[in-house]
Amino acid sequence: MTAKPIRLTFIVILLAFLVTMPLWASRYAVNVGLLVCLYVTLASMWNLLAGYSGMVSLGQQMFIGLGGYTLAVSSMYFGVPVYLSVLFGGFISVFLAVLISVSVFRMKGVYFAIGTWVIAEALGICFSNWGYVKYGMGMFIQPAYKLSMSGVYYAGLILCVSSVALVFLLLRSNLGLALMAIRDDDQASETLGVNIFRCKFICFLLSAFITGLAAGVLYLNAIFIQPFEAFGISWTVNLLFIVIIGGIGTVEGPILGAIIFVLLQQFLSEYVGYNLIIFGGITIGVIFFAPRGLVGTLQMKTGWELFPVRRQ
Amino acid sequence: MIEYLEPLINGILLGGLYGVVGIGLSMVFGIMRQVNLAHGELMILSSYLSLVFLQVLGLHPLVTLILVAPLMFFIGYLIQILLFNRVMQRGMEPFLMISFGLSIIIQNALLLIFTPDARSLETAMVIKGVDVFGLFNIPLIYLVNFTVGALVLTALHQFMKRTYMGWAINASADNETAAKLMGINVNKVYAYALGIAAVTAAISGVLVGMSFTFYPHSGTQYLIIAFGVVIIGGLGSLPGTFLGGLVLGVSQLFGGRILGPGFQLLSGYIILLIILTVRPQGILGGR
Amino acid sequence: MPEILKVNNLSKSFGKVRAVHDLSFKVDQGEILGIIGPNGAGKTTLFNLISGEIKPDAGEVIFNGKDVAITQTFKKCRMGIARTYQIPRPFLNMTILENLLVGSIYGAGKSYKESKKQCVRILEKTGLSAKSGALVGTLPLLDRKRLELAKALATNPVLLLVDEVAGGLTEGEVEEFLRIIHGVRKEGVTVLWVEHIVMAMTKGPDRLLVMNFGRRLFVGRPDEAFNSPDVQKIYLGDED
Amino acid sequence: PKTSHAARDYILIGHPTPATGPIAAFGETSKYADKLAEQEINKDGGIFIKKLGKKLPIKVKSVDTESNPTKAAQVASKLILQDKVDMMIVLHTPDTVNPVDAMCERYEVPCISSVAPIEPWLTGGPYKWSFHYFWGLGDIITVFTGMWNEFAKDTNKVVGGFWPNDPDGAVWAQEFTKKLNSMGYRVVDVGRFPYGMQDFSSFISTWKKEKVEILTGVPIPPDWATCWRQCHQQGFIPKIATIGKAILFPGAVNALGGNLPNGLSSEIWWTPWHPFKSSLNGMSCKELAALWTKDTKREWTQPLGFDYAAFEIAANVLKRAGSLDKKKIRESLVQTDLNTVVGPIKFNKKNYALTPLVGGQWAKGTKWPWDLQITYNKEHTNIPITGDMIFPIPR
Amino acid sequence: MPLLEMKDVDTFYGELQALFKVSIEVDRGRIVSVLGANGAGKSTLLKSISGLLETRSGNIVFDGKRIDGLPPHDIVDLGLSLVPEGRKIFSSLTVRENLMIGSYTPKARKQSHKTLKGILKLFPSLHARISQKGTDLSGGEQQMLAIGRALMSRPRFIIFDEISLGLSPLVVKELYRAVKKINQEGMTVVLVEQDVKRSLKVADFAYILQEGKVTLQGNPRHLTEETVKRAYFGL
């Protein structure tokens, strides 16, 4: 097959482009690049849950908020180096994921979606009632003032590349097979020996960990965190937009979706008053014209995949 | 004892309102198996429509329903025909996205037309209380909300259980192909269903508009209530929706009374999570 | 022959319906036990109880000397109990090969390489080789039935529960399934087979279990069963 | 990191504003005030830049924050990095001001911010590049208690607190409780509560039980509307209700419905009666409010003056800097000493300036359904009293 | 004039052609059997008639009216009913509601209660489960429900896809008796059945499909087992 070398070259060129970006691109471009990287990461993790394991979560923001707050608390109150704090954020997110897993895995489909959302809302309320993190006032992550832009960018890039690679490898692994089976028919997959709880659990933890990390990097860039926003549903709605516009259940979907999303956001913010109406219109339009997302529709038309996960 | 009677009664009555807020979503969510993120906006749109009629024609808010309800039915019908019908069979996500797009369009169009100013549907009722044995007052508006809520839910439940249209809505959602083979015009039936859901949104929009103030972005807040209510009760069960409203209302007010006001909303969520953990299909949910 | 499965006083009700009622029987290793009975007699429910998808109200399911009535489904599969569904339940968005790999990797616990080899063999055996890369969504009924059986075989079963795989097939196709199942038995697999096709049930099983209203009505050789007046009355109906 | 000035023939001022979302009501006047000030500044060519030897007009670039802090940070960095703004102006609530100021600190861009109390703003300090003008908590406590003290004899000095768990609520609860206790008031605090509650009966019955006669707090408008209506439903009407934030906007007040706004008191940071003049063209506050009403057919609101004043400061600072070098602009900001429509602005060591605060009350109006009257001015007697306090709140 | 006439119909699944110029005729009051191996295109044929699948060319005339291109629900209104492959029971309706929805068309509604009684008599095991959820039934019971549901519309023309799938021999026998009876009362019937012998025994006419084409047609009494087999497998 000739597809394989083409694919490899493409990936290498893309990587080279991304890695050298801070050297030649404007700082604005790098900033946008960072946002794209972070959204790719977050969306890939949502896609891992929703697109491959059938766990449509509306509560990813719980890990975003937790990651951000862990960063804020440990860097501001304990003087922990920022990047280490970001790592803590990942671990705390995993901890939360373990705590709630027994409860949320009993729920399926929309129940799971709403269940996770409610947990995130509840966490938001808890944080806004908690004096230690300054109630609803929010916190500044001041050590981040001093970080270099390219440093944060590379952190984002590493997360982005490793999350995509992780999803790809995971799907090519045996676990990926089980996940797809669970998504299609969970009961039937169980009678074929798949331990559903374990598979979902692994995915959920991975997704929590990386989402927590990405949130840390995100708030290194945003610097100010506030509970209602950090634990707000709009995060997951954005991820939903990215994954669905890009193509759910594909590795490439979140990448394309994130690029479109970030560029749209940058572009639209200037149309004050109309920006969201246009955004809504575009959302509906894309769903109509590319029902399987852009990547899904492209794949149908051309049959070409950048990251093939099927077993022949 | 008396101390707990007040939150109990208030909670039940508040729950009635929550129930109505949930019905429209329950129709779409439980019966058509889709998540309509624009439900809250349909409610608030109705509140604004009622406001317009109220100001232009000088009617009582409840009376404006005579105009608002058919109008919303028509709007719901059109939304289904033009937008939702195209993605009904494509799983959960495309529908989620389209309804999300619709919700931000409605929200921001309202913002452009009506400015971000607060509005309310004025009636003399809102500041009246009903004295209960001289112990405490129950807001009159709560009684109205509860009564309307109970009526709407009962009517709709009977409609879904006893009429061909009700069966047809359920059947279409279960299996489109088979429904077509029964002679059901599936697209039209869905459009009726969303029309009905929009009418319940209109009713809850007017009640909410009378009880509270509203803004173009108020919809979101009611959406999560509606979700809670439907989930607690169990998908597809209209009595469940009403029960869900009561459970949410009572647990909020009790939580607020016992744990402190900061925990009023939180205790509602916690009860919700506990119920879902113990009974992942909701209280009256079948599967 | 050692006995591999023993069902003791098993009961399961759904509301007022007693789907399986105080049922007991034994199966020897390597045997093919056919199960027949009127519609709603409880055959599928019995399978669900053995494979673990539903838990019994009372009674025990003894597999290889161990009571597995409340063991989790996936564990039972790994112990060697495999099943097919009356209405095929393939993984629609996966290829045929992938469908089988799930069972082989998770149920049989093999490595990816070994699994692939095994699956290719099973695909040949069930006549699906030509379509191994196709998505399941478009397959016609016969192929779905074949796939249903192939998936179960991929888990390397000790005990295979077959629920109406031959329903809706032509005589020739039924005979093909008969051959496959006899082939499986030759490898030492015990088979429980539910079917409404009289031809298959006379030729296939060593013994027949006849169920009615969740109870055991008759156990014995197929010819005996079909000649029994009780069975004729409740199951076959009068000659026309 | 440095941001250099882009070659262009105008001065670019970035202005993130909450045009949509829950706090959009604050941003309502932004667009109008921006235009007005921009026209005035550019009337005779704009601002003289020494290095170029000519005047450059200013241009304002507004972007929407969607009332979301993270979005605000994002659009601010776009303004800084992509549009290379020479200066930033940001107003309206900590949620908008804090993240934008953080971005300005990070990328070293001079920034003028306002309409967020000093205390939550200060938590992001010490600031180098951001300069803030507004009132602080001390001022508001003084004004509120000042208003109550005038009727000290006629109340039992029991104060009910209605403070949400947002940036303002947290700080207000703490400071008010401390101060009020020292002044001989008793505070009945029901605790911090989240936005969007539908039922406040547990609050109200607590206040009733504790015989509260003065109600105070800093809720958002919808929560206050719900609470105040339910107070009436429960037959609980305190003698005084002094509420921050929720009754700033005529829209929110009208929406209370019926006679409910009558007698509600609040803080006042700007009115048409403030005795200040525009540093751009000498226009009085009254004229400014009249212009707004003429052009938009709507009642004046308090943010109008503050929106406008931000541009007065910007023009003055740029004029004195005579340069687009960010350091020079900052220096010039430090030296600011200007009389604006919201009063004199002179930034202190911590980069903020306090603006005068008085107290007032909503009463039946003539032109509009409800008018905000200034009823208390002890600390700033140059601001005239326009009406007498209605006491107690009529039933 | 035949009740149903289908001429040179081509049907596709996407790019894949499943029917090639298929022509069939069904006379009023007949029982017609459609036979063929798995994948021969029987279900495709039936779906084309009932409007579930669009035909690409050719025409279908039912009772003098062209029905190709009409949506399925309009075709049902004309009195044509299909028992689909795979039962397709409505999961949120009870057995009773599943049956009642069968009489959705205005004509059928008027007599729904009477029809219901008749159907419960035909399938007594449904009677016992009348308020149970439709999909909680056993496989065979679901098949009965699907058949009963289609009969509820009191069609003039009924098509059974895999009529006896999953039914016990006893029930099958009774079902065939019932089919004969409703046929005698005037209903036109099309049967798809894997049990060739039984099917040919009741049919007045038979079509045999192979790979999407009609390879044999005729009166069953004139068809020998040999010719049928050949038409089936193309031996």
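Annotations
The first chain written gets the first letter, and so on, giving A, B, C, D and E; residue counts start at 1 in each chain.
Everything that follows uses one rule, which is that a residue touches a chain if its C-beta (ideal position, glycine included) is under 8 Å from a C-beta of that chain, and two chains touch if they have at least 3 such contacts.
Heads up on the chains, UniProt names are A, B = Branched-chain amino acid ABC transporter permease; C, E = ABC transporter ATP-binding protein.
Every value quoted in this text rests on a predicted model; they were computed, and no experiment measured them.
Considering the contact criterion stated above, no chain is in touch with chain C and with chain E alike.
Considering every other chain in turn, none proves to be in contact with both chain B and chain E.
Inter-chain spacing, taken between the CA centroids of chain A and chain B, is 31 Å.
Averaged C-alpha coordinates give centres for chain B and chain D that are 36 Å from one another. Centroids of chain B and chain C (each the mean of its C-alpha atoms) stand 47 Å apart. The distance from the centre of chain A to the centre of chain C, each centre being the mean of the chain's C-alpha atoms, comes to 43 Å. Residues of chain A in contact with two or more other chains: 125, 129, 273, 276. The set of chain B residues touching two or more other chains comprises 108, 111, 262, 265-266. In chain D, the residues that touch at least two other chains are 20, 165, 192, 194. By the document's touch criterion, interfaces exist between A-B, A-C, A-D, B-D, B-E, C-E. Across the complex, chain C is touched by residues 13, 37-39, 85-87, 125, 129, 132, 136-141, 143-144, 162, 165-171, 173-174, 194, 196, 232-233 of chain E.
Remark: chain B residues 29, 35, 83, 86-87, 90, 92-94, 96-98, 100-105, 107-109, 111-112, 220, 224, 227-228, 231, 235, 262-263, 265-266, 269-270, 272-273, 276-277, 280-282 touch chain A in the complex.
Chain C meets chain E in the complex at residues 14-15, 17, 36-41, 43-45, 86-87, 138, 140-143, 164, 167-173, 196, 198, 234-238, 240.
Taken in their complex, chain B has these residues touching chain E: 31, 164, 167-168, 170-171, 173-175, 177-186, 236, 286. Of all residues in chain A, only 50, 56, 102-103, 106-111, 113-115, 117-119, 121-122, 125-126, 129, 233, 237, 240-241, 243-245, 248, 273-274, 276-277, 279-284, 287-288, 291 touch chain B in the complex they form.
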